[in-house]
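Both complexes below contain chain A, partnered by chain B and then by chain C.
Coming up: the complex of A and B.
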């Protein structure tokens, strides 16, 4: 990464600038400085939104640039959340247990402490023993490693199997969706070792930091999310620029031609799939402590479909488009579903947005796909006027190829 | 001259239809070879077999001094062995610039991490300029390949082939969509390339083949009908019957 990288990708600098300004403004207006114009819960919403933007750029790289419509990236996001959630629950429960056992006549043995923690955590699913999955949950370092390793390894193994047999297009999407569904159904079981449909909760309470007010913690996570988004943006901008980006886009548009140039297409797809899965895992690990709770429903395939919708609405094939799509749609979505949107009284029928938001989203998605394939990000082309040549046809024969209407790659 | 590529006894069947029938061809280390034959003779399929796109039902394809079997390799491995191909229908990456197309083809390590940490050097930039000059696209380097004319796309693909610096060039109907002057340029380029490597050209245009001035293989219904100089094969009665006499 040198000066010419920034020079060739001016949007990176603009993005980082906008992100910094946003982060500072939110911090200044938050309760932490005493201004309090932005409530702690809204800071959390914004922090979560930044995490969603991070997974959206990952999705844009895998779909918009590499042509793999993955419907599994929210599974990786969820796995990252579970990995950090396990440590949060363990460590906090441990503190509570140790405190309550401190008054016992005999000092508790290590085993008694562990058993008591297990009873606390797994009581809801009728168990009192730690499953093997929790072997590392006592260690923050190891669980942080799991945030990266678990999504990474799953993506590596799944991707290797899928890409090696040359499954592409719709079939690959269905396969990724099946993986997501299988994972979420597995997690729903009480004996999965991850508390079934109860999921993990109380994640907003950081162990040992009970004295620190949530307003401070929320800003800390907001900053962490902003830094992660900034780093992720630079990383992906670097990956999709230069020769790597060239090969990845070539794979999207005509993968068999790339093979005849001597590139092992499957390795490239695997690289992109795994890297984006890892970033998705990291985004999830930052998201769920702000959300406070994670359960298997979060991993259901519908979440990954939303992700594709955000990227499509924001404009696939440009990173800032994905950020805009994710931020815009997810914030709008929480406004509508949160009951803040005023109901529309038509006299004979009242439109309640909590019921109708999904319909509106669906219609917008169809409309964007049909009429504005460049998405919201396409508006920037109006500012930066570049001559666009008349061209006929799509950019490649493959299913995920850039379509004619999508214009500049 | 030692053999570079040995195709022997190869057959391919598509849904019961024998597109290639017990085909045997051998290509020497530095040789220019023209392959002609009527439409549907199996010329493109022959190239598909060599490049790993189509796996034959039987037969052997042996490559290079170490006599490796190409049948056990994937398309990308075969390409990395030094076999480059220009397709019948020009296939370049339309969304990318001419320079990006050439840079992607340029002979360099092909692994994902090699590519990720690839840095442009003055030498590679000079090589791209050189190729662009050769294919007459110097002014078009920053243009998107999709904006090029059909003939220019042909040129770009030939340029990508040169950039790969392969030992064997398989060129499927290079002259289609080119002006007479461009055809002449193409022949000159192919003849020059064949001085240091093997070049196999599939072409319909007899005038073009005549100018290549090389050994000709006539394919018909998936096997070799005749082989030799152009004059020799055009005198062959079988060839006259099935191809030239039509």
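Coming up: the complex of A and C.
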């Protein structure tokens, strides 16, 4: 146990190296340097993908390492997005309003400015007053705090309630799904204070940076996303290594035994659940300014299930697997649904991938679950041979425990 | 030349018809001619005699004449002294005969005099007209007359209505007349006692019109006094700042009644200041300093001191004005005894309506519960009994609904197609379920989380397949005629037949399932395999076969639920997703592992959702949100559901 953190986790170094190379290559090829091989919109797609990779790592920690199949992590992602979106929308509208009021014969009072902003923002839902929810929206620092606090607190309260009453396995999955469904249904209402199904829009226009071209902004966000992903990777690699990591994995495989050994299982689970929720919130806060719009459909239960799909296809229980799965499936998905995949002519029927992509995804997902439980990440085991104990059966009796095939080299 | 010829021909025609009118072929015209003066110059004293004569004659053309007469569409032609219906038309007036309604061509306006009965006469005509219609031989016309009275009740209809009650041969119409008479009496009867009696007789009447009549009697209008008057029928004294009357509203009333000057609002101050800007200053104060409301108020007061604007009226002034006045609601009806009786009756009716609404809500909740039960009961078997999470359960519901749709394409008779569709849907989804169990699920027993994800993959693939085959638009699944009606108990309580059918279907399945699980060899084996597969296998039961059949049974029931749900909702490729989370909730809340639990869960969720919707009817989204929050909390306190398995059956 004297070996350094890097030595124990060689994948961290490799991952950071790959991420840096990727970031630099994309930057060089982007429109900022004048090469322009990668368009600004594709840089945004890549930046968004990095954010999805970040939440996929969080998902992997909570599911692949701790055995909690959370079907609600996109709710935290969305909350982070809403938190930053509120400030972006407020600040940008404030600039517009102040500019337009500057020509008024009387200098505006503070209240007039705020009222005008509220009318601008909430006009679409037939309101002209700021709900209590927006109390901090004028301040970037406070809203950034909200990005961390709101998902963190929600996860803390929800997790405490759920783990305390020993809700585990599929019940917990369904409960988290119910949570995200309730949240999205609530946000769909016009009087929820977050503009109902209109959501928050125009987030790609950063206040005060109208002069800066989108190509520069997109690269800046791409870098920010890459840095966040790198930091997140290191953080979670640290969390799941060492003694705490062992306890977390033990909980995944046999919760009762860990409890009988004297560990306070609920605290560990709560820590992992809350930490991953916070990281999901941060990923959302980086994602939505690049996407430009956020609405309640983004946090519908289906999004969180897709998150689990990415992690499963990438290979759960290894952090780089989650990154590969998220990047691979989401980029492939946008390639197929974007209509750029060539149609296959079978003679009697032409397969248009926009229509058949979901069928392919669903079937391949079943295939991965049945035949390749290690996912894409399992391919790396072919290169790196590491000593693994000879196990005869599954890892543990718990619902989220590893299967035998997942542990084999 | 031709024009002249036509004119000549027309004149000839008119002359001929006029001649015919006088020779007895036109009894109404003859009658009118007999009373020509009373018709042409009617007054309140002469009209009654004339109307009596018209009623006496009992001619079919009289009602139309009365109507036209009242509406000032009857004209007297000076040249022949006859009466005509006439309407303004191109080139003068279009004439029609009063007896036959025959078109008599055009006439010059100068030759015609419009009959203009005054208001009193027209009222008398109107009530005679009502009497006519109410005593008509044709029940359809009498019904139409009653409808017309119900639509726009008036004082003068009361008397003819009362007179017609005894004459009415049709008992249903007579009952309607009696009820209508009560409603009219409540508003228009001559004496207060009569009205109070009529009002009190309305107790227990659930009709919307009875409540409308009472509300009309109880109409109030707001008023402001410095001291309360004693001679007015006051409904309520309102306290400003209370829920019924905010301070701003109360003050607005004072301003409207010219009792107080309007409050100098932020906008008023701003406009006044803008108007008074001179050289970048307002009353000597630089404009650039006016960035707070306080500074603006000070500037306005400075302006007011110069007399350029009215003095500042502040919130303190408003409060003082409000305390100096009394805000009341005054009944339009001046007799307190009548309003008191109406209040009391309305209260009794509303209580009764409330009771019936509760009954209606209970029916609605029962029907919703049975829908949830149908959607969830298949899941209760696969998830509850076998412990397999089947995310594709919603898609099995969808498959069942599409099966029903396809069957209707081939069998146009809706009843027959329904009879065919139900077993066929069962067969299709049974097959799909068995195939899924054999190909996917049996490799993943004891790996419920992986089953969840694998079946989710199947779910999105099936959804997209349905979209590719049937398109994205909703497909209709039409119910047969005998299912499309409504079962109506009274004016408030009613339920559509299709919901009754779903309720019956749910009960049927509950019974069937309980029977299969508790009374058959298959059920015994299912329960044995569920509790302990190893032991069951050593007793000679084939667990593989049992698992396959159980899963098929659960899926097959989902298919039948699909047909039932498709009958009242549209069939789309996404209909399954709407039920899947609800269904899981139902099973989890009810208690995993037994059918009674699912029933309890569905009942709880159905009643709860309807209850929340009742308190917040405009917002079903909020209802669902609160519902889910409730379930999350509920599971905190009863993690094993309402009906938890105990002992060995509970497994872990």
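Going forward, the second predicted complex is superposed on the first by the 399 of 409 C-alpha atoms of A that agree within 3 Å, B and C clash if a C-alpha of one lies under 4 Å from a C-alpha of the other, contacts with A are read in each partner's own complex, and residues count from 1 in each chain.
Criterion: a residue touches a chain if its C-beta (ideal position, glycine included) is under 8 Å from a C-beta of that chain, and two chains touch if they have at least 3 such contacts.
Not measured: the values here are computed from a predicted model.
Colleague: In the overlay, answer first, second, both or neither for which of chain B and chain C A:329 touches.
Modeller: Neither partner.
Colleague: Compare chain B and chain C by how many residues of chain A each one touches, and report the one with more.
Modeller: Of chain B and chain C, C contacts more residues of chain A.
Colleague: Touch test for A:286: chain B only (first), chain C only (second), both, or neither?
Modeller: Neither partner.
Colleague: Contact-wise, after the overlay, does A:253 reach chain B, chain C, both or neither (first, second, both, neither)?
Modeller: first
Colleague: On the A-aligned overlay, A:358 touches which partner chain: chain B = first, chain C = second, or both, or neither?
Modeller: A:358: touches chain C, not chain B.
Colleague: Using the superposition on chain A described above, determine whether A:57 touches chain B (first), chain C (second), both, or neither.
Modeller: Touch partners of A:57: none, neither chain B nor chain C.
Colleague: Touch check for A:194: first (chain B), second (chain C), both, or neither?
Modeller: A:194 sits against neither chain B nor chain C.
Colleague: Where on chain A do the contacts with chain B and the contacts with chain C coincide?
Modeller: none
Colleague: Per the contact definition, I'd like the list of chain A residues that touch chain C in the complex.
Modeller: 69, 105-111, 158, 161-162, 164-167, 169-171, 173-175, 177-179, 181-182, 185-186, 188-189, 301-302, 305, 308-309, 312, 355-359, 361-366, 369-370, 373, 399-400, 403
Colleague: In their complex, what parts of chain B are in touch with chain A?
Modeller: So the residues of chain B in touch with chain A come to 51, 53, 74-77, 79-80, 84-85, 87, 91, 93-96, 100, 103-105, 110-112, 115-116, 118, 144, 146-147, 160, 164.
Colleague: Would you pull the chain A residues touching chain B in the complex into a rising list?
Modeller: Those in contact with chain B are residues 239, 242-244, 246-247, 249-250, 253-254, 256-257, 259-265, 267-268, 271, 389, 391, 393, 395-396, 402, 409.
Colleague: For the complex, which residues does chain C have touching chain A?
Modeller: Per the touch definition, chain C meets chain A at residues 266, 270, 273-274, 277, 287-288, 290-293, 296, 389, 440, 443-444, 447-450, 452-454, 456-465, 467-468, 577, 581, 584-585, 588, 619, 621-622, 624-625, 628-629, 631-633, 635-637, 639.
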